[in-house]
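Shared chain: chain A. Partners: chain B in the first complex, chain C in the second.
On to the complex of A and B.
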């Protein structure tokens, strides 16, 4: 491996800007770090270059641990967004700087310089000052300068940011060509997904300091695993859908029958439909794909090769779209090529039949939230709780309201119709344990007990009681932590006192849990080993610092009240209960 | 102009439009130029002319003879020595302070910026007094210094200290905004290319700020040579020993040796003019490049 990052973490004033990033970049690979501004991608690049230190974790270049090696001894080439050429030096002196530092002879320096200038197509520009060059030429010089000392790794920090579109394209091609020719491992940081697609062998997508997903461009585009990646890489329509034994249902109509899973219980999922996978036709019969419903063309935008449309879905289509506002909850984004457009031309206001060609289901376990309370008023208040509102906004999902007048009354049946889908939320008031148990016994899989004043957590503690809940708890934790800039800590708690044999058993368990979290869910978490009573240990740990949250997996409800009373009563912290494996 | 324009409302209308070439505009321009030129003539050119007129009042020979006086020569030497010590020291300090302020975040940074300006704000006499209070015979370190036979006040070290105190803001003031503005990218590039700290400083940082640095040094030098108040307090006015040029001028004047006083004054003025010329050249070449 050329570049290996292991649990790299960097804080600025308490908040993590780079949060537990682990990554392997292969020899000669062109890797693009993509993310919105403030996602920590540039900080990560500077950490690789050695210009900023890390608080935690290790960085290796070609197998050599450089975590504590000074930037000038790392042997990397770095290209900055604003070129950072030495303005008082000529192009030749700029390029030869690294060679002079290494006391290379004048003749060898000149030969290397000429070679580099040819590489970036700037022959004969040796005696110019940077101010006499155009932006694109300056950046070429910067690339040549960064390559002069034959670095093992080339790092590019938004190198095209200050250039206009045409020159950007040209320089992109040059850099890609140079990279292929030299076979140098390259990391490029950008916020431009088109640039990432055009250049990358693999893309890593960052948000809020976390590396969310890594993969080949087409893989990430076709099969994103998270809502953020689905919407950040290109446009996407997100539906709240159902996974049923017959396949994926959107708006009550089965779409992806390929993903049939007989025997599995029905549950709510988030489905991604790319705008180009939506088909429009004059009538249901002429659709080549699965029919979703009817809609009215709301807006048509011409963008050259493509035509962008917005289609307002009919009231009769019960397919809630996850959108920023309620007004957009029925607006479907569609793009069509000129060719398709010629086959079926549409006008604004026209009613069309809408079909979906391809539906991709996100593996994320948290689909939507349902605020559940005995009265409409209290449910409404709960649905606007700040932490819940923030989670909903960040996860780009929605919160529904469900009224259960008999909530918590031992033998009372459910009032509202149907099963519980998604994550159910109750307010932490009194008798939390009774209400939680009541809901869990009536089929709630994921239950969030939310204190009124709960703020976004800075640390999320993770624990499960029973192996059957392990995988689901990790999945839910990973989903939460992708959207909250907090650190994850897994608490392994084992009954009884600590002794060496139990201690080593516990350590093995922790390592297993950590590697599963990392491999299967992309979740980096720290681990702690405790001995004693589970509820007591959890309560003690939660009480130690403010702004903590607990995610706990359970498999059975036999001693639920007894075990959870201390954790839930008083409502001092948010608790997310994940129930799996129970009958 | 006025004759071409119609009177009354139309003229008023024209006058309210900026950039229009009206008679109001013309008057205002003429007035501004006259006032400023008169002012400069009255407070700057007339005194300057007087200096040279008085110095040459008894002919060139007398003028030249004033410089043969050993006390005058000593004063010139002392002033130049002081400037020669003070300017490099303040340059080093200014670079260090500007580097610290421009490149690092630390506690008390804004405090440091304020403190650097302090000598500009307090009276030079007080600046001198401070050193007398510290190192004078009745000062904090006075007895200790006397025991070890070290003289600071009423000697060269005191003059240098007082001058340094008065002039240390100049280089730093000039460099701080420059360092903050140029940023760190070029230095970081140099480091990733393998350069060490000194090399980065001399090959990258210093060339970037060199014109600002020269400008600050010129200002610092001008003030160092011309300082009167602070130096007057610490010097003790010993002829031929601790008299700098400005002090010497005052003594000669009080002795009714007008030609001698103005001759030294003319030299000091020439040094100041030279400084200004250097400053202007620096501004032309250096600032035009950016």
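On to the complex of A and C.
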């Protein structure tokens, strides 16, 4: 491996800007770190270059641990967005800078300089000053300068940001060419997904300090794992769908069975449909794909090669879209190529049949939230609780409201018929344990007990009681932590007192949990080993610092009230209960 | 060729008129009067006044101490400006404001203050005395006073230039393998050199013309610690206006030559850059 990052973490004033990032970049690979501004991608690049230190974790270059090695000894080449050329030096002096520092002889320096100038197609520009070059030429000089000392790794920090579209294209090609010719491992940081697609062997997508997903461009585009990646990489229609034994159902119609999971109970999922996977036709019969329903063309925008449409789905289509506003809850984004366009021309206001060619289901276990309360008023207040609102906004999902007048009354049946969907949320009040148990016994799988004043947590504590809940708890935790910039800590708690044998057994368990979280969910978490009573240890740990949240997995409800009273009553912190494996 | 070219900024004629008028009224006319006054002397009288041993001694002290003060200020002004620009620390704003104190203080006050501290029985002077270092009433005191009053010029000239030096440049140099000292010498100093020269010029010009603060600490011994401006005042007190004007003209000439030389140096530096490119 050329570059290995191991749990790299960096804080600025308490908040993590790079949060537990682990990554392997192979020899000669062109890796792109993609993310919105403020996602921590530049900070991560600077950490690799050695220009900013890390608070936790290790960085290795070609097997050499460089975590505490100064930038000048790391053997990396760095290219900045604003070129950072030495303005008082000629192009030749700029390129030879690294060689002069290394006391290379003049003749050897000149040979290397000429070689580099040829590489970036700037022969004969040796004696120019940076001010006499165009932006694109300056950046070429910067690339040549960064390569002069034959670094093992080339790092590019938004190198095209300050250039106009045409030059950008050209420089992209040059850099890709140089990279292939030298076979040098390269990391490019950008916020431009088109650029990432054009250049990358692999892309890593960052948001809020976390590395969410890593993969080949087409892989990430076709099969994103998170809502953020699905919507950040190109446009996407997100449906709340259902996974049934027959396949994926969108709006009550089975859309595909390719991604079915046999044996899994029917549950709510998020389905991604790319705009180009939506088919429009005059009538249902002429669709080549599965029919979703009818819609009315709302808006047509022509963008050259493509035609972008907005289709308002018919009221009869019961397929809720996850949209930013309620006004968009029925608006479907569609793109069509010229060729398709010629086959079936549409006009604004026209009614068309809508079909979906391909549906991708996100593996994210949290699909939506349901605010559950005894009265409409309290359910409404709960649905606007700040932490819930924040989660909903970050996850790009929605809150449904469910009224249960008998909530918590021991033997009363559910008022609203049917199962509970998504993550059920109740307000933390006095008798939380009773209400939580009431809901869990009536089929709620994920239950969030939310204190009125809870703010986004800075640390999420994870624990499960019983192995059957383990993988579900990890999945839910990963889902939450992808959207909340918090630190994840797994607490392994074992009954009884610590001794060396039990200690080493506990450590093994912890390592297993950590590697599963990393391998299956891309979740990096710290681990802590405790001995004693589970509820007591959890309560103690939660009481230690403010802004903490607990995600806890349970398999059975036999002693629920007893075990959870201390954790839930008083409503001092948000608790997310994941129930799996219960009969 | 016409001067009336259409320009983005209106009022070129008007502003040029004002510029010429103010320069003439405030700078050129008084200078011309000075030269004229000196010119009314007989040539031999002029030479006698300006080349008397006492006058020669005063030139040496005035210009020598001023050059020394300006040099000291460039070095320490750079360090002070660096600290203020680069570091965030409690009290930074206060120190930043303190820099301008010598601007605001009446120069006589600075002189008295310095004398209090550096006189033989002063706060610092009493400890320097046993070491054989005399500050007050020697050329050292003159230099000290000139350094104090011209310090803000050097700091304020360098500060904006340092702010302009992008961190990126240093970081780029660092990733290319350069040590801190090398970066300072090869990247930072060349970039701020024009500003350093400007700071030097301003500090020097201010020091040469200084009078108030120096006379308190200098002791004013003829030939030893007497600066030219003081000598001019002495001539004036004896109602020897022509003698004063003659010394003034000499000061003017020397200052002009030195400032011109620095300006030419700067222009040459700029040209060298451009030439290197062709």
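Assume the second predicted complex is superposed on the first by the 578 of 583 C-alpha atoms of A that agree within 3 Å, B and C clash if a C-alpha of one lies under 4 Å from a C-alpha of the other, contacts with A are read in each partner's own complex, and residues count from 1 in each chain.
The working rule: a contact is a pair of C-beta atoms (placed from the backbone, for glycine too) under 8 Å apart; a residue touches a chain by one contact, two chains touch by 3 or more.
Quick caveat: nothing in here was measured; it's all calculated off a predicted structure.
Trainee: In the superposition on chain A, see if there is space for chain B and chain C together, and answer fit or clash.
Mentor: The answer is clash.
Trainee: Regarding the shared-chain residue A:22, is it in contact with chain B (first), chain C (second), both, or neither?
Mentor: The answer is neither, since A:22 touches no partner chain.
Trainee: Is A:132 touching the first partner chain B, the second partner chain C, both, or neither of them?
Mentor: In the superposed model, A:132 contacts chain C only, not chain B.
Trainee: Using the touch definition from the top, say if A:90 reaches chain B (first), chain C (second), both or neither.
Mentor: second
Trainee: Between chain B (first) and chain C (second), which, if any, makes contact with A:289: first, second, both or neither?
Mentor: Neither: A:289 stays clear of chain B and chain C.
Trainee: On chain A, what residues does chain B touch that chain C touches as well?
Mentor: 49-51, 71-74, 76-78, 80, 82, 84, 86-88, 97-98, 101-102, 142, 145-146, 148-149
Trainee: Can you list the residues on chain A that touch chain C in the complex?
Mentor: 49-51, 70-74, 76-78, 80, 82, 84, 86-88, 90, 97-98, 101-102, 127-129, 132, 142, 145-146, 148-149
Trainee: State the interface residues of chain C toward chain A in the complex, per the touch definition above.
Mentor: 166, 168-169, 171-179, 182, 187, 190-191, 273-274, 276-278
Trainee: What residues of chain B sit close enough to touch chain A in their complex?
Mentor: 185-186, 188-196, 199, 203-204, 207-208
Trainee: Within the complex, which stretch of chain A touches chain B?
Mentor: Touch residues, chain A against chain B: 49-51, 71-74, 76-78, 80, 82, 84-88, 97-98, 101-102, 142, 145-146, 148-149.
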